[in-house]
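One chain, chain A, appears in both complexes that follow, with chain B as partner in the first and chain C in the second.
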Partner chain A sequence: MLKNRRLTPNMVLLVIAILLILFPMLSGNKYYLRTITTLAIAIVLTSGFRLIALTGQLSIAQAAFMGVGAYCSTLLIMNLGWNSWICFFLAGFAAALTAGIVGFITLRIKEIYFAIATLALNELFRLIWVEWDTLFGGPAGIVNIPSPDPILGIHFGSVVSFYYIAVLLLFSATAMMLRIERSRIGLIFSSIREFDTLAASLGVNLIWEKVKAFMIACFFAGMAGALYAHLQHFISPVDFTLMDSVMFLLYGVIGGLESVWGPAVGCTVMIFIPVGLRLIPNYNPVIEPIIFGGILILVMRFCPGGLVGLFQKLVSDLKKTESQKGEQEHAAA
Partner chain B sequence: MTLQMFVQSLINSILSGGVLILIAMGLTIILGIMKVVNFAHGEFYMLGGFGIWWFFAEHGLNFVLALILSVTLVGILGVAIERGLFKPFRENAFPSLIISCGILLVFRAATQLSFGLVDHAVPTPEAFKGMIQVSGAFLSKERLIVICITLALIIGLYVFIKFTKAGLAMRAVSDNPAAASLQGMSVDRISSLAFFIGSVLAATAGCLTGPIFYVSPTMGAEPGLMAFVVIVLGGIGSITGTVIAGLIIGFIEGFGAIPFGTNYATVMVYVVLLITLIFKPMGLLGHAEK
Partner chain C sequence: MPLLEAEHLSIRFGGLKALDKLDIQIEEGEILGLIGPNGAGKSTFINVVSGFHKPSSGRITLNGENIVGLRMDQIASKGIIRTFQVSNLFMSSSVLRNIQVGFHLQSGIGFWGSILGNSKTRRQEQVLHEKALEISNLFNMGHLSNEMTANLPHGHQRELGVAMALAAEPKLLMLDEPVTGMIAEETLRFMNTIRAITKKKGTTTLLIEHDMKAVMGFCDRIVVLNFGKKIAEGTPEKIQKNQDVIKAYLGEKKDAQNPGPAS
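Now for the complex of A and B:
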């Protein structure tokens, strides 16, 4: 019991951080490095989705905001030759600005309207990228996106360097989300979800707070998008579709939206399931959505708290039986 | 724009608007009565299309028989999904939305797995073949017949909801489920009825457009999404709003497609939606929630 108590979440986080930093030195397998890089990007996006969900809204356009960041950074670098690190942040700001404008239009009303409006927004962006081919390259996308500019003589271009950038982004995004959630702003966000009328009567500006959550989430989505563009050296409208947005929702829900760990757990499990399945010979990837959708339905139906919720429930059940046992022994003695 | 082009665009607009209304009506009824957001609604449309392809094109059944068979099967499937999956999440929009995303993934992939990711052609039934010439424009009989059936269904549904006892019960449950069940209405049965009607309408739309367009596992994606745009634009819960919004979107798509291309026409639809939401946040005919 004592040992268990010492294992605080912060320590787990530290261990994971050290493992992630050491991983490239332990294993040179580029396939796994790339998978973890994509995983980090997915976790950043899913955490954003969760932050919006904290205010009681579902955004099904996170992939589109990732695309806004990716296209913004790519165009600034390739057409105007700006420094890629500045563009990296500008990508975040562009996505946040877009989110702000859309948020003020659609977040004034409750729930469903916003979810559907974001759905439409994702399609709107995709169509603009497809149709405006002189600027965005049309359905063929933009190729030959350069690697990030070197800083202090360090060149970025290898799989390992992208891995570290992604891990850095993951940590800064997660730290930021944790700070927000444990601060006053986090309380305000949850108060909106729990009872918005009451929150408003206590002086919470509902629209502005919801827009704020949406903008912060999309800021990180935009940065993750810019990183994705550099990583792939190629972007096209197919990378940021509605289905991708649905996937972030799926990752978040399967992991559990109640806990900060949810997005990370959900993304890790759901990204490594296909990796494992592909080892099976004669495997048909068409079956993947069936598995994903099936897991989503089962999780929603039987443990709405997601995998993290399930784990917490098991742990508390275990503790309960242990303490009951202890009490019984105590009584017997 | 010549008169001929005008007439043809008009027919195409009414056709696409009518099909959208058919899909969106079911969606708005389900949303109104059960407060369930069904993202998988477009998949009922797709399954209807596959039903007509399977029974009519592959197994040579009579078109009307194939239509009835496929529509009934999809309706039963809809009720099964309502009973099995959506029932615990009634009055709870978000969990139902998430679960419907899962259903969507499963349906789309399962059809793709069974029938492949190719377009399947459904031949035009004999009775629908031929052309009619109206002021220089050649209109296919098929499209006109589909428009007539669609209009008849929409009017029928409207009459059903406004003037029959079951329709009254549906409106009562959508207004206040607790009070309705205190008056002896079975919320369970009304919900199943709503889901049945909704999935039947979507499947009918799929059956009717099957011979005009192609049948493919992803055919439900676009109309399914557009149906949501229709109900948000018209105002959730408003049948009249759904009809008006469906026609508006049909006309934007039908008339916008010629000068700008179909993709830009779709962009225009979304822009119209966002602009409408700025001025009328609850949609054209929507009213604030109590």
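Now for the complex of A and C:
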């Protein structure tokens, strides 16, 4: 009886999804709408980071792939006048293709070198955007990026419309991650992280599987980049820096990389903490990096599984004590 | 034509010749035992055939086709599957998930099938799930299928390593000391299971084992290595009487590895 009434993870998800869909109708607060839009983009990026981590690799270039998508879509729209919705997908494909090429070269090397290679890659992309100013607009970036083209008479450009595009992107990325997680794709990805030689001995093509994870992650990063460009109406190399890539790593680690929900939890907590702190009068955001660093150290020291790992541990402990209590009652009766 | 043929196979580790101009032929359908004292090069042979190590020189052919220089997964996809002497499992995954990875080459489920999770994929997944249960039952692990592998008793862990390899439906199965650390009855039961499955499916098997009873009782033919060289080859009866083999083993002090009815 009690069991039937218990909240299942799927129900919690459904409630969150419905709340996200209804939120703009419940609250017109533009600041919160924008924050959640940013949050959705961050979750998409961090989920990609986690997907790559599932194969045992750390990519510290996810912001650069977001930039690849942003520049690709922006240039196609502004220089060639292509439809922004087509460019939205092309941005994903461009980022995935770039990841494929980079991946086939760099994923042959051992894990730590891949992390370093992606770190360098993020800088490389930034330099290209800065130096090749005839195409990418240099340090000043590209301004006056239009809003997405209207579909069936619906216009996009308001804060609410961006919110819904971001939420849609978040839902599709999450659905993809869940399918991967629950299918053989995720099984094979994590087998590589757990024991690559054993996986290879059973026929798993290590390079191709790692490249696959990298490409899927970057596909969504590219789409998120295209959305970001429309949202800001302005992009420049400082939007896609190494520091941003490191932030996605940080969100992932704090939320927990073991669980598919880790990125969402990590991003939500870390993006809403500053929002909360700014409610404090005379608060100076300069100390934020210190707070973030402190949280990271605490999480890594006390819950290596991240916040989701901590939660799962608490729940399983609770269940244990509950079942022990049940046994005692049973024995007493 | 033999299924697998190694010709003049050599590999050096620094100054050490772990395999020295080795010629081995494995015939289709046979269970070939590979024995020899510690450090003879038995595991190295499996490592070279499976593509884990590149040979310094020599040829390896499968059905006449060269396989030297291929990656491990390419060799596996040609039907050569090996187990590892030590640490051969995904320890933090369940028993079923281990076996499921073994299905990688056979699953028939593609990328989009997995993503869409359509009815065809679900059917295929159901079939694989049943097959995985079946395999775990073969090794009396059906009741443990959701258990984390690290929590299994040692014997079951050794069995699971072989179960995964069998899940890949190999043409040539190479087992590196599968019964290490098992007690006599376990060994007997396990070896009988392996023999029954491989004979039924016509799987060619290479068995490395120090347990002489297991080797002598279960192999059709035996090759003996010492210092990377083949010192004898023949039926179990012939090998047991071979003077060079006895000498090679007596040169070693560890009694447990003496050939003969003991151990």
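Operating definition for what follows: the second predicted complex is superposed on the first by the 328 of 333 C-alpha atoms of A that agree within 3 Å, B and C clash if a C-alpha of one lies under 4 Å from a C-alpha of the other, contacts with A are read in each partner's own complex, and residues count from 1 in each chain.
Heads up, the rule we're going with is that a contact is a pair of C-beta atoms (placed from the backbone, for glycine too) under 8 Å apart; a residue touches a chain by one contact, two chains touch by 3 or more.
These numbers were taken from a predicted model, which means no experiment stands behind them.
Visitor: Which holds for A:L135: it touches chain B only (first), chain C only (second), both, or neither?
Guide: neither
Visitor: After lining up the shared chain so the two structures overlap, which partner does A:L187 touch, if you call chain B first and chain C second: first, second, both or neither?
Guide: Once the two structures are laid over each other on A, A:L187 reaches chain C alone.
Visitor: Residues of chain A touched by chain B versus by chain C: which partner has the larger set?
Guide: Comparing touch counts on chain A for chain B and chain C gives B.
Visitor: After lining up the shared chain so the two structures overlap, which partner does A:I86 touch, if you call chain B first and chain C second: first, second, both or neither?
Guide: Touch status of A:I86: no partner.
Visitor: Please work out whether A:I151 is in contact with chain B alone, chain C alone, both, or neither, and reply first, second, both or neither.
Guide: After superposition on chain A, A:I151 lies in contact with neither partner.
Visitor: For A:L314, select first, second, both or neither according to whether it touches chain B, chain C, the two together, or no partner.
Guide: After superposition on chain A, A:L314 lies in contact with neither partner.
Visitor: Between chain B and chain C, whom does A:F195 touch in the aligned arrangement: first, second, both, or neither?
Guide: Only chain C is touched by A:F195; chain B is not.
Visitor: When the two structures are overlaid on chain A, which partner does A:G203 contact: first (chain B), second (chain C), both, or neither?
Guide: Second partner only.
Visitor: For the complex, give me every residue of chain B touching chain A.
Guide: Touching chain A from chain B are residues 31, 37, 85, 88, 93-95, 97-99, 101-106, 108-110, 112-113, 221, 225, 228-229, 231-232, 236, 261, 263-264, 266-267, 270-271, 273-274, 277-278, 281-283, 289.
Visitor: Show which residues of chain A lie in contact with chain B when the two form their complex.
Guide: It is residues 58, 102, 105-106, 108-113, 115-117, 119-121, 123-124, 127-128, 130-131, 242, 246, 249-250, 253, 284, 286-290, 292-297, 300-301, 304 of chain A that touch chain B.
Visitor: Which chain C residues qualify as touching chain A in the complex?
Guide: For chain C paired with chain A, touching residues are 50, 52, 71-74, 76-77, 81-82, 84, 87-93, 97, 100-102, 104-105, 107, 109, 111, 114-117, 121, 125, 164-165, 168.
Visitor: Quick check on the complex: what are the chain A residues that touch chain C?
Guide: 176, 179-180, 182-185, 187-188, 190-191, 194-195, 197-206, 212
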